[in-house]
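These are the structures, in structure tokens.
Below, chain A partners chain B and then partners chain C, in two separate complexes.
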Partner chain A sequence: MKHIVKIMVLLVAISACWIGLLQTSIIPRSHTWLLPIYLIISLGCYGLLMVGVGLMNFPTCPQEALLLHQDIDEAKEFLKRRGVDVGSD
Partner chain B sequence: MEKNNRSYSIIIPTYNERLNIALIVYLIFKHLQDVEFEIIVVDDGSPDGTQEVVKQLQKVYGEDRILLRPRAKKLGLGTAYIHGLKHASGNFVVIMDADLSHHPKYLPSFIKKQLETGASIVTGTRYVKGGGVHGWNLMRKLTSRGANVLAQTLLWPGVSDLTGSFRLYKKSVLEDIISSVVSKGYVFQMEMIVRASRKGYHIEEVPITFVDRVFGSSKLGGSEIVEYLKGLAYLLVTT
Partner chain C sequence: MELADRAVGFLLSLISISTFTYYTFWVIILPFVDSDHFVHQYFLPQEYAILVPVFAGVALLCFLCVFVGFVMLKSKKKKA
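This part shows the complex of A and B:
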């Protein structure tokens, strides 16, 4: 099944629940009407939260840059001795 | 030493990477000592003399270890892998960038992970413990996180780092998925892993660190973001 179909099925299922709620009026209708808006807002909040959390915990590795520079120097020295052209361009 | 049945072909596409290709070859030989492997450089007609440097490297390490398989002009990343793959003799293929943002010191962990799990694909991820990124400003991090959350929410790919391009594939698996991939640029990497995931291939992850290119400049602009969103929509309707 194409992924978009899965998402559509999910959306249809949610809509069906919502229409069911509207029909049966278990909770007051005025509240039920607002549910989709709540859903969209909470989805947006979830997205922003995930981006925020991801940004705060963004894994960084400054020590790797130092190690890389050591490796580069080592490689340049070795290659220069073996006759490989490693002059900066 | 796992001879005969396990050998690795490392495909590195290059364009104007004369210094980086020399450094990366040295580092690969340094970190992969008891493994049978070959390096396939697919150079897209770099005007900076990348191919001359590769020929010098062949003299140092041997023409059977470093294969130069150039193409006449810049023809894109996806076809570079297909081109390299045609010349690959290993039963596993590693693809990595030439710009040193992918450090060869992680190669043994890819190989080990594959041995332990028998996975079809081992992909490097920057977003788990032990991984990381260096050299990105806040905007770049924000874009990256936003893109990742969007893709995770919409595609459920089962992989934490979709656009990473440091990966080890079983050769047959790479041949199978690469033929159905149409995207270009780094959406290509995302399409590869999403298609592999949909086909039910066993995918494992290993942490890698990503140091943004030391020599040369890195590119991420508005047009990349548009391309990414288009790629996402394309994957939604085709996979």
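This part shows the complex of A and C:
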């Protein structure tokens, strides 16, 4: 709940800045109109970059997988000896 | 499998960084460059800076809607 308040405050501040720029027309109007689209584009680029970096550094632990498979085999063996049906394979 | 994921991640990062750089150049820096400078050859006119993202967004939204509808249809058929 607090996160959304933070995001809302940020959005309101950015739009206030933008409206101020639009009113005072320090820079030409056609360029001020481009800024929100620029913001959206940069947000999309940031999201894509984060996904790409997450995919690149995706943590895999093959040794842990091996240990887990050993554990599973051991448990299946144990259960089969006790007469519990654990299915084929 | 892992290498393919890494390649896809690298490609995504590259695409996002290059798009961001190009768009920043186009929107922020280009208005301050003289209009007869040679750099202007490599960029479309200023109004395309609005048109292209809006079209891309509309296309993305349409694709998302079609995808969601397709998935809903499929799940309904499976349930019946």
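As a convention for this text, the second predicted complex is superposed on the first by the 66 of 89 C-alpha atoms of A that agree within 3 Å, B and C clash if a C-alpha of one lies under 4 Å from a C-alpha of the other, contacts with A are read in each partner's own complex, and residues count from 1 in each chain.
In the analysis below, contacts are C-beta pairs under 8 Å (C-beta built on N, C-alpha and C of every residue); 3 or more make two chains touch, one makes a residue touch a chain.
No experiment lies behind these values; they were computed from the predicted model shown.
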Could you tell me if A:A65 is touching chain B, chain C, both of them or neither one (first, second, both, neither)? first
By the touch definition at the top of the document, which applies to A:K2: first (chain B), second (chain C), both, or neither? first
Given the touch rule stated above, what does A:A75 touch, chain B (first), chain C (second), both, or neither? first
Mind working out whether A:L55 is in touch with chain B, chain C, both or neither, as first, second, both or neither? both
Once the shared chain is lined up, is A:G83 touching chain B (first), chain C (second), both, or neither of them? first
Figure out whether A:L10 sits in contact with chain B (first) or chain C (second), or with both, or with neither. neither
Determine where on chain A the residues touched by chain B overlap those touched by chain C, and list them. 51, 54-55, 58, 60
Can you name the residues of chain A that touch chain B in the complex? 2-4, 7, 47, 50-51, 54-55, 58-62, 64-65, 68-69, 71-72, 75-76, 78-79, 82-86, 88-89
Note: in the complex, chain A contacts chain C through residues 28, 30-31, 33-35, 37-38, 40-42, 44-46, 48-49, 51-58, 60
List the residues on chain B that touch chain A in their complex, please. 18-19, 22-23, 26-27, 48-49, 52-53, 56-57, 59-60, 100, 103, 126-129, 131-135, 141-142, 145-146, 148-150, 153-156, 198, 209-211, 214-215, 235-239
Where on chain C is chain A touching in the complex? 2, 5-6, 8-17, 19-20, 23-24, 27-28, 31, 46, 49-50, 53-54, 57
